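Sharing a structure, written as structure tokens. Questions coming.
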């Protein structure tokens, strides 16, 4: 019994590694971070590993909703989504936790994971120095090894060990904890699960909204879903139309640098 | 019993005065005409005074719907909404009239009220002359009194007396009338209640629609409510988007007075 | 019995002629091809002739849906809609066929009809030559006859005879055929009925879509119906708004041929 | 050097906010309301010069009319101009007049249509939705909502007008603001289109016998254009007012007539 | 001085409206329909000059093709030009030809797409909604609606063309009208997008076993994009026609083939 | 004349696609990933010139950071520039540096917001709708969908960059592309508005006694603006981040605090 859980925990840890932002093996971020690394996909994979696909997917959907708008720019992330997904969903299934609890578990693990991720980035400086030296010596093989292979050993260990252990040992803790937890706290977790996406979306807004008038578009998108059609494809199509019209407006104006006319004349 | 009704009638008359367009006491039109003066608010107030808040509000909503788009510009109004609201709703509650009948009562009283309002404006010419003289003499107090105080006496009497009497004496008349009234007539009143907002809206259109193409916007607004989402907030948000796009279009064109180029060159 | 059907068949043939694209008698295409010639209208007329208005209209609606976007440009048509409508719907009623079968019948007859229509256009070359000669001789009457009257004899015969015969003789064939036809085939016909409008719409798209970006509008129109409001009037109103905005955008840019400024200066 | 304090300005604003229309007559409208609002300003600036004091009172007692809440910006501008004048700048009566007359029109246009045409009806329709079965919450929401928005707006615009002084005129009547007003205009038209759909209600009672069944005409209309009769009523009323130049009262009578005749004929 | 009367113009319009395509052939199309329409005009203007009469008839017997209802404006313009010519103005045959050839194209483009692509399908789809269960009201509505709109349009445009004469050419083919046509084009594309959604119907019959339950694929599709298969069918057909240059008839055969094979394979 | 073959380019692209972030550190990020990607190119072009070989490796080992999938276009451009240089054209290190630095920013901006802000959330939300009750179809759809779109994009952009070479810089950072990026920006804002509405969920538990009945506040809110509390939460979070410059982690703590306190007070 122990052995099976150990293998399962190991497998989950390995997938957590494969889905990490710097793992190269699945066409880099394309098949890794942005595919295997998403909680929705993690739900399916963990469900297969633990033998309960349906629960896995349902928890995957819940965690994905809370992390719908995580964003990684310039190497920084607001939450370590892969740790969060593999740690949280796996423990959620094992401890038979509700979606609210699973999301909260994920958030907690995501915060811890962010430390480990940053630790890896710090340690990578060492490999970087070796790669620089290889470049100076004209040693292409050295670059390839110090860029593509060695740092992955660290990354692998930093993911497989903690996540593997958490899954292997965590079930009991979580279950015991859940027995104690009053209804109020479960409710808090549900509330938090609903609030969390606000953070990621706020970060996206911070990236995209450059002037006050842009708020009109944000509120329009919100209103579309809430009042008109609760369907993201529909919204995307109408947004394309609006963006296209704005593009036309901008195209018609800028090609004519009239304000410069004075100089020309 | 009589005494209670008398006090109630008086109170209603006073609120009708406070909600009038020229009453200063509630921050002028802000808290007066545009707040206390609206049939919706009148419904609540009359409901409190007559001891039946729910009926008051329900009738207030009905009368408000018929007067949703009254507009006062340049001192002229299409209907005297405050007389209409206080007279109509109060009698409606007292006579246990239906919403259709209450709306019709309001319309009738509104028409009579418009005469009284215009009468006040005529009489104000007298106070105006006195204020002019005060100004010529450098008498600031005289201006304040002849602008802010004395004319209000007339306004007060022209509201409290007729509305007070109407409420005090009207119940019996209306009830007797309602006993006679055939179903057909009640139905006519309902029809009229539904038609009335057309008048106010037509006046607003007259104010806003300046060229044929503007009809596209009017019909779009109509279609939005009828076909897409029966929610005025949703419509307002989308209208903001459209108005903003039109603004962008206009901004991109006009800053470049190209037609003047010839002169410049 | 035979006689009645004969008269009915004849009447249907005559309406098929009156609704043809070159028949002048109902204000040309206005009352003819685009009114009497539409399957929807044909359904009503055939229903009256055969004494089953309801079935006629229901089949008319079905066939009209399949032919909603037929288009005739430069004398060419993608399907001969009038033959299709009168032949298909009449046989559909007589053989008590389902809507799917009726649509398939119409499609088949429409293909055959296209040959006959093209045959008429070829034969008209003869009348054209006579009209040319009349013009050369200054014979106005000759033009009128060779343009308006004589070619109609051919058109009349090419419609009344085949459609009349088809209706008169076809009932038995169709019924016998339907007895044999397996369910699968009926289902195929239903599928085809749903697919057919794609052809006409594709031809319209070919006419209207001139650049890739135009696809945004096409998909928006589609999405509007599918996601927002399944009502063509609503879509038309919103399309007017969008087209108007695009028109404003275009108007603001082109009147100022700024790129030519250099020449001017 | 006389200077206006915050207190003077607040008093002046309050006088305006309260007494703008309190002696309204057909020929002078807000004339004395404007003067009333200037009293605290004039008292402070010209307290040592009775003649200037008198002239100032007279100067602001001329015809004035503007949407009062939005129009408070003019009072603010005027206060700042009076202050400059009292401090020696050469501003004669003509300039005061032209400032007022050039801004009254545009401000009334945008103010009336935005406040009475958009803000109030939209707030009301939200409140009505909430209160439709007698719940006071919606009414209270409207009262608090409207008073705080409009009260703040009036105060803010007064102070803004005072800060920017004459320079703000351009922002009000310039080309840029015209575009903005055009945009608000379109916003207004869209919203009143929606108001029409929400509030004008007319349905026909006509039923057409069709074989054994009867066809309820209103249902047929609703199947392709709900509210069509309401739309027609509005456009008809607009046509009478805008194209036939018929007065509002006569249109009211016509609508009453239509209701009566329509019901008698069994159309509605 | 020969002058055309209202009666002449009406007769000419009616001749056009009725006989525009009545002798249509591949090579001449509306040539003689146009001549037919000019007969009342020519009779009146050149009744005293047999040679001019003859030449005029010949002049208008050349190839012509335009959407007939919108195209009546050309007949009106031509009538006014013939009148001017009969009154001495120097208008030779070339000008008549160039007026016709320059307007035929744009008018057919806008006419065919607006009338056959927007007006008729939209009217039909309203009528079909009303008549879908056999009620004749929708059909009657279509008949009355279309004939009055299109009949009025054709008449109005003829008369308008006559009034404005050659000057209207610019309104038809100028830059302003091009923008208008572009806008109508976009209107048309939006509307046919909606037509596609309303009328192209394709649904899959595929069911995927999923544990004990079965997954109905069409329901899954509907949950995120209803009508997706219809949209794909339309774009596929458009691709064949516009990009692969396959004829309409061949596409028809392909659609038939898809229906047969799809049903046989259990896809549809 | 050394020439790059399709095979070299494929290898280079693959190295990039896999190893772009594999040794990411705070100070160098994709520096060595870029060098890794250039190895096949450099091997082919400078195999006979060890010094150039060495210098090229060094040249591409400097700081680099760009959205990896969209950024592959830079690798393509660089490959083509290296080829030209190896064939004698005078391209010195500065130009390589400036090409990279000028394109990194815009490409990351558009890439991060379009891929992480639009493409992935929209695909995910479709998949989640399908999989919401445990059906794996949605998840599989996402996996196949995302990998094929992003994989193709990355490959296509690399090859395109190679074809166009330095000339493509203008298409990336020029004025036209800025307008395009602005449009994408607006697209993104609209979509994340919708994401907020779909995913941020907050509802109040407050009930107001009203006579005998109780008023469920959330129902009242839903009657005029569903999702209002969610919208407020998002705007509040944005305000903390964008205006108060509070870090994401602190905002997370604040949200946790709100959940706890709100539930304790009975608000949520």
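Every chain is named by a letter (A, B, C, D, E and F) in the order it is written, and numbering of its residues begins at 1.
Heads up, the rule we're going with is that a contact is a pair of C-beta atoms (placed from the backbone, for glycine too) under 8 Å apart; a residue touches a chain by one contact, two chains touch by 3 or more.
It should be emphasised that the depicted structure is a prediction, and the values quoted were computed from it without experimental measurement.
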(message) Over half of the residue-numbered contact pairs in common: that is the test. Which of B-D, B-F or C-D passes it against C-E?
(response) B-D
(request) Check A-E against C-E and say which one is joined by more contacting C-beta pairs. (result) C-E
(request) Quick one: report the Å distance separating subunit A from subunit F, using the average Cα coordinate of each chain. (result) 12
(message) Centroid from C-alpha atoms only, then distance subunit D to subunit E, rounded to Å. What do you get?
(response) 48
(request) Please work out the Cα centroid separation of subunit B and subunit C, and write it as a whole number of Å. (result) 55
(message) Roughly how far is subunit B from subunit E, centre to centre by C-alpha average, rounded to an integer in Å?
(response) 51
(request) Hunt down the residues of subunit E that sit against at least two other chains at once, touch-wise. (result) 126, 135-136, 224-225
(request) Indicate the residues of subunit C shared as contacts by at least two other chains. (result) 217, 219-220, 223, 226-228, 231, 233, 238, 240, 242, 244-246, 249-253, 255-256, 258, 261, 265
(message) By the document's touch rule, what are all the touching chain pairs in this structure?
(response) A-B, A-C, A-E, A-F, B-C, B-D, B-F, C-D, C-E, D-E, D-F, E-F
(message) Under the stated contact criterion, what part of subunit E meets subunit C in this complex?
(response) 16-29, 31-33, 35-36, 39, 42-43, 50, 53-54, 57-58, 61, 65, 68-69, 108-109, 112-113, 115-118, 120-122, 124-128, 131-136, 138-140, 142-143, 146-147, 150-151, 154, 175, 179-180, 182-203, 225-227, 230-231, 233-234, 236-238, 240-242, 248-249, 251-252, 255-256, 258-260, 262-264, 268
(message) Quick check on the complex: what are the subunit B residues that touch subunit D?
(response) 21-25, 27-31, 34-35, 38, 40-41, 43-44, 53-55, 57-58, 60-61, 64-66, 68-75, 78-79, 107, 111, 114, 121-122, 124-125, 127-128, 131-132, 134-140, 143-144, 146-148, 151-152, 184, 187-189, 191-199, 201-210, 214, 217-227, 230, 232-233, 235-236, 238-240, 242-244, 246-247, 250-251, 254
(request) Over in the complex, which subunit A residues touch subunit E? Could you list them? (result) 231, 233
(request) Would you mind writing out the residues of subunit B in touch with subunit A in their complex? (result) 228-229, 231, 233-234, 237-238, 240-241, 244-245, 248-249, 251-253, 255-256, 258, 261, 264-265
(request) Give every residue of subunit F touching subunit B within the complex, in rising order. (result) 224-225
